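Report on the following structure.
Naming follows writing order (A, B, C and D), and every chain is counted from residue 1.
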Amino acid sequence: MKEYIFKLTLKVRDYECDLQGVVNNSNYQRYMEHTRHEFLESLGENFRKMHEEGLDGFVSSVSIQFKTSLRSGDSLVSCINVAKQGVKLVFEQDIYRAADMVLAAKGKVESVLMKDGKLTRGEYYDKLLEKINKT
Amino acid sequence: MKEYIFKLTLKVRDYECDLQGVVNNSNYQRYMEHTRHEFLESLGENFRKMHEEGLDGFVSSVSIQFKTSLRSGDSLVSCINVAKQGVKLVFEQDIYRAADMVLAAKGKVESVLMKDGKLTRGEYYDKLLEKINKT
Amino acid sequence: MKEYIFKLTLKVRDYECDLQGVVNNSNYQRYMEHTRHEFLESLGENFRKMHEEGLDGFVSSVSIQFKTSLRSGDSLVSCINVAKQGVKLVFEQDIYRAADMVLAAKGKVESVLMKDGKLTRGEYYDKLLEKINKT
Amino acid sequence: MKEYIFKLTLKVRDYECDLQGVVNNSNYQRYMEHTRHEFLESLGENFRKMHEEGLDGFVSSVSIQFKTSLRSGDSLVSCINVAKQGVKLVFEQDIYRAADMVLAAKGKVESVLMKDGKLTRGEYYDKLLEKINKT
């Protein structure tokens, strides 16, 4: 299996499923956001604290390919790789069905960092990435 | 039909429906919140502006009886009456299926007002209610 | 601490927090639903399978008192007790902040069981409760 | 302004805003889904009825660029253009802030049609597009 720097296992919640009986597409984006924020916490940061200090990560683009529908009762493994490209932090975010590790969704999320409402060059992200490379 | 001081018509969104094919219960609470905030806007207030001025309405209790399930394709009429009881603002919130005005859900929501994190006696609410009584 | 027959620990997800910086009220109802469904799974049942067999649990009423706001970064412990009252299954659902077990929300949820669209006397629930009493 | 074959005006709901005070990214995907389903209804179809007849549209990919954050109090205009590419229906979905028609988000959504669980060549979509071209 492919390698990732961070993984989070989540259980599908029934209110996330729609009338087709599968997880509604928008919830994959939510799984991905929650995984990024948990990844951040694993590095000693917190989204709310950053916000209170005037630092806001804003997603500039999301791209998701849906491969296999998750259903009620399923667990999922949400995986992350990350790299810096210019001022952006680019997340590769893949979601697998936990039971058999079949790929459910493949995402790419780009994020920029604002400080007091102004675009930064992402120095803050550089420090985060250093932490990862040391571990 | 019963009289209300504020009504809002909304369309069911398919992502609000769960695998039973009906609107998930938690969304009635969301319809009711949105209706209260639109009611607030109809009186010249806005939830975000209030928050930025240190004023936060907090819901202290919610009670909902579910009568008839709303489904994909349905519209709903979300209705409000309101009264002050002590420091609380008490909302009577009824939701009807728009096509035949069958009662879908019957709610009671109690809200208190915090100013910079401290409970107020709700003087702000008194002024709002005065506006209503004048109209 | 009070005793419960089922507990589930969840982490607050940032998209569940609203512009007041706290978990939006409607999400407590969602935490409670997910906890009931996980409780069901702990007894060998699944909400979707039940639905596919024509058995649908419908919530007839929800009542929640909000005590302490959960925030970004918090974990919560969602607890259940359950009893049968007539045809209804009545869930006592309390949510605590995990860090200090302060009560965040106190809920009561009543559920009836429909079989192929008709109200049952809840015999299915009787069998579930027998399973609990045996454990 | 650019031309679209379908437009829907929606009001931001405060529970859609997160602790940054802006609409959470995942909700743009929800606005886009709701707009597609309302577009479908404008052509005499309904998502649930299609599902009950064994016809399910599945989104195979979503790509969204976020341009300007929507906030509490904002209304939005959600716009659609659509074209068939092979078996896929490709939606161009742009969301504007209603007050000044500033572009808030730019989306591309690809959808395939399943009949009783099997991929179709999208003949159903061809008929839909014919309806549009006639109007």
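Simple rule for what comes next: a contact is a pair of C-beta atoms (placed from the backbone, for glycine too) under 8 Å apart; a residue touches a chain by one contact, two chains touch by 3 or more.
Since the model is a prediction, treat every value here as computed from it, not as a measurement.
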Q: If we define chain centres by averaging CA atoms, which chain lands farthest from chain D? Would you check?
A: C
Q. Comparing B-C against C-D, which pair counts more contacting C-beta pairs?
A. B-C
Q) Taking each chain's centre as its mean C-alpha position, how far apart are chain A and chain C in Å? A) 28
Q: For chain B and chain C, let me know how many angstrom lie between their CA-based centres, rounded off.
A: 23
(Q) Using Cα averages as centroids, what's the distance between chain C and chain D in whole Å? (A) 33
Q. Where does chain C touch two or more other chains at once, residue-wise?
A. 14-15, 17, 19, 21, 24, 26, 30, 33, 47-48, 72
Q | chain D contact footprint on chain B (complex, rising order) | A | 11, 13-15, 17, 21, 30, 33-34, 37-38, 41, 46-49, 71-73
**Q.** Complex contacts: residues of chain C adjacent to chain B
**A.** 19-20, 24-27, 29-30, 33, 47-48, 51, 56, 58-66, 69
Q.
Can you tell me which positions in chain C touch chain D when the two form their complex?
A. 14-15, 17-19, 21, 24, 26, 72
